[in-house]
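Have a look at this one.
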């Protein structure tokens, strides 16, 4: 496969540019018989829609999805599901100023180096708008996983230096930052106002907890579940670090404190702690899976920046228009859907691991 | 492909168990005409060989590699390169005690859940010995990359809580920890003695710097160079977090300080800083690539641990024999070779990105 | 990848049902900088369009393609090219009669067995209309190959028992059968009138000649160029046999007559004959590539046929409406575009085969 | 994946040259718990072993296989199965004469064009000996399929112009040609003596019948079961045409005679005829699968042949030594094992096609 396809059995192939006619996704390998509606996908897209608070870009897009194939009488048919979202807010003229200049922190320069030229309108294919296709595709994965009793809780655990100090799942949807802590949300609000006043931006951390995953999912070597999550999350534009379970903290821990003791609970093997984040040797162990993604500050800031043009002339660039001062809130659903795609794929792949179960299947 | 193959154009397929007859690797897609000898591979294997200092396992293995195919008259032929290392130190009897008991921090339980049973001798396929095959395969990738002027510097940046405070590349090979700082190496030595006296283990951090990578390598969406590095490094058994460039620090940074300004130097576009770690939008920008992997403490410790048997009986396990008190020093070359495999693959894939260069190629 | 994607570097992912909202394709891996327009694709789609003669279905479809991404200012950008064709002639009501009955020679029964149910409108995903997406994607491959001087001549070499006895390339476009022989076209016309009068259908043979392919393309084992052509052509719904070069005739030949002698011509190695069809050991040898696909008679015939319902009731089925009495003429362009996809992919893959050329590329 | 791996879930990766140290295969994705022994694989290798009759090459090889990984206590573990066969009969000196000359009908010229040079000893990687690795890997697939009640009957249906006129499955193993007709075997023997007296060679046809395949296996578009069989069989060195069911005959048939009527038998849907060869729309229909491969005459003949050297000098080549006058008998098991690999892979892939069955699996 070329590199716009993700997954091996449950796959998405995404396409579309920030200011092209439309963006979309083809989901292939989704099992037949899954009830799904446009609305099931739309609720995910709405979570990343622009214009919902003063802390996100004002771009005017309704982001209404259409399902063009693969669903018949309300159920998936097992054949490819094609979905499409039209771009409404083209305004290509706005981008003429950055046509010939490399924006710091963006992919303008590297695209030119790779392809010889680029669609300079709003970042083209390298725009964060590309994640819209992932979210639509991942929404189908989430719908599928819900049938197997798998549940996601995804949220911002920090916005810039402001960290959530408590965890209230109800709170996540109540503030514009997806923080699980109302008091942290207030502090984040104040911090962002400060950033915006300085024409600056900030980063943050997104956490994803996955419950209900059966033990045994994932492969022992290159297909380790944590390796696939790492690829999935690091493939999201602004993510620069990925952690599983205790993550970076393990490097300073001792074996005696980092190992999770096993015990029996209700007749099942469980772990007394979960430093491992639900994955041992690349394979799920039945406890909660915990992922963490570190998101960089929005590179589009309206402070003057030193850069060069595509003909090698040094210059100063001031990016106009309003941009998200922090990407984190809109990226929460992207992390969730990417994680769902990994898990859907790995659950399907795992079905072939044991002869006894295959024999039973084909009996 | 199934999950024991890594890469798309320059691939390795690994096989072998800790205490089986042998371990090995098939390298496929290596270009024809590359000069390579057994010795070129052996120097990499020697960097991860057991028994080299008192801080690594005493397992007695010479780990001599044989090249069985794909090389003719000292050069690669373009067909698969098969390499094999025989296991000498089987001693399967040692492992009878853990046959029915799940070791904390290991994959015993998850293997049983996935496959219904497991090769319990020394961890079987989930043993760290599996990385031997990766190192042999990645050595070929390193040999290939060296022909294109690409250079790796890989080292431990911390051992447990002891961090390197200075960077002397000459020092890396002089101490048993691969630390680039002689004074830190002394402190690490003291810290490890303490761990060993407590029958405990510790973790650490491995960094990899890659120089000489041309701009334009990597793909914009799922094949982002950083996403592939993340998968590659997180697929190494004990790694629980991966960072690119400033990594986790970006989440607290502001856009104005995190963006790298562009400038001209000797007629080429360069960056004045390198917070991005050499990758923008998933594509290399020509500056040094910087990767960081956080390694957990060795799970095999000789303290008594609470666990359960495979029939659900709670029990206490004390692991005997000598194990590495820290995995980091032997994992340094694994990080380097996995990174090399990603890069070799991406460099080959990139050759098809532009029509003008393809036309020139086929003229 | 799941199975709606074809190729490894130059790939297409197709989607869409016969009577869904639309059909389409995502082309991924097409090099940047290729000039392409909607019209370049449309000419290929027009070659398979229904309603062009009395020997093809009367279904009323304009089959106008839209390019939604991956092309900017008239050139490909190197990112995915999404194309879409709306279905106009839904008339779903017509299909209610076959909703519960398995049409002989069709995939109704096997779809139900695989997926548990099916989109019964016009065959859904198993309809020949699915090839529209392939043709749109393959048109881009043809456009790319033309830049490298590669030329296709594809035609019907027989319609039922009527075989072309002469070869006039100009004639192919002049008759409704794509026969390269005007006299055979007249006979085919008479034969088809007879079939239609009997409410029956017939098959035929499609040949594809490819000129200008450099020597060295294809891989030695599973990626043999002929193996990939075989998969590509056999994946077209009605094809039941594929031949390369002398094809089935080789089984009765002797080595002395089947081997192609080598000779020098204008300083280049050539073959004095071409029994091999331009491929030796799976790799192109620089002479004309010759492929042949055997197409079965249209299974939709209006004679009464014995069958069963999806509840296991024996019954007699008479298919109404007008169907192509022979698929061959509209399948010619499908064979050509599938062959082009294989070749485009293999040409890109081949660029990584030699170190000396890679070194030159990255100099 | 690169091109020495075949399959997606049940895969083989092959390696080795005709006159290298060894040849081998890595089987990945084989389910855990399959009982398998060296002997199970050896019986397949023995079917293609040289030196068994006067109609095959006299090369002296015992072809004893060793299993190096992936099997523990007599059962597969679910991890890669590595197998190896040492080459005993190197005699590299014999090949010095063809080092610089292109043998007609061989891949010498195309390898040089692709890779710049080649391992000229006995054809290197392009030798028919490469199929040994496929047979070892496919033997595991056959072992797996036998657990699901799937049975293969593979035989020569013709040797040169001599066709089997009757079908006695017991006869296949009794004559050196694998013909199912004793009288045809006598004629084939006479014909081959004639060929050998003329220093010439001949081709033939191999048929494979597969019984016990459940309906519903295969995918509707590019993963059609027949397309995958076509790739698999055409990837065998000497095969130049592949047919499914009625094969080439369909092009002259009418729809009314080519369609297979459905009927009920013992409560199951069956077909009254099997022109389709057990596959409808790319998906198995539960009846016998029928494949046919046309094999070219051995290109190595001892008649003088016109050719050129690798420096462009015209010359005459006379190949010495004894070569198989017909490849067919030894290729029978190659066809069978390649078909088994396709089927094993497709059976595993099919397990994910329906939500209801997945839900049951994960209950």
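Letters A, B, C and D mark the chains as written, and numbering starts fresh at 1 in each.
One rule holds in what follows: a residue touches a chain if its C-beta (ideal position, glycine included) is under 8 Å from a C-beta of that chain, and two chains touch if they have at least 3 such contacts.
What you see is a predicted model, and the numbers here were worked out from it, not measured in a lab.
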Inset, instruction - Name the pair in A-D, B-D or B-C that forms the same interface as A-C; by residue number, over half of the contact pairs must coincide. - result: B-D
Inset, instruction - Would you kindly give the rotation angle relating subunit B to subunit C, two copies of one sequence, based on a CA superposition and rounded to a multiple of 5 degrees? - result: 180
Legend entry - CA centroid of subunit B to CA centroid of subunit C, Å: 45
Legend entry - Intercentroid distance (Cα basis), subunit D paired with subunit B, Å: 38
Legend entry - Computed distance of Cα centres, subunit B from subunit A, in Å: 26
Inset, instruction - Quick one: which residues in subunit D touch 2 or more of the other chains? - result: 1, 3-5, 8-10, 14, 29, 32-33, 78-79, 114-116, 125, 214, 220, 349, 353-354, 356
Inset, instruction - Please categorise the chain-chain contact pattern as a line, ring, star, complete graph or other. - result: complete
Legend entry - Interfacial residue positions of subunit B with respect to subunit A in the complex: 1, 3-6, 8, 14, 102, 104-107, 109-111, 113-116, 125-126, 130, 158, 160-161, 195, 198, 200-205, 214-224, 226-235, 237, 240-248, 250-256, 258-264, 267, 269, 272, 276-277, 280-286, 294-301, 303, 305-308, 312, 314, 349-350, 353-354, 356
Legend entry - Of subunit B, residues touching subunit C in the complex: 8-10, 29, 31-34, 76, 78-79, 144, 147-148, 214, 220, 347-349, 351-359, 361-362
Legend entry - Residue ranges of subunit A touching subunit C (in the complex, touch as defined): 1-5, 7-11, 13-17, 20-24, 26, 28-29, 32-33, 66, 68-70, 72, 75, 77-82, 84, 114-119, 124-125
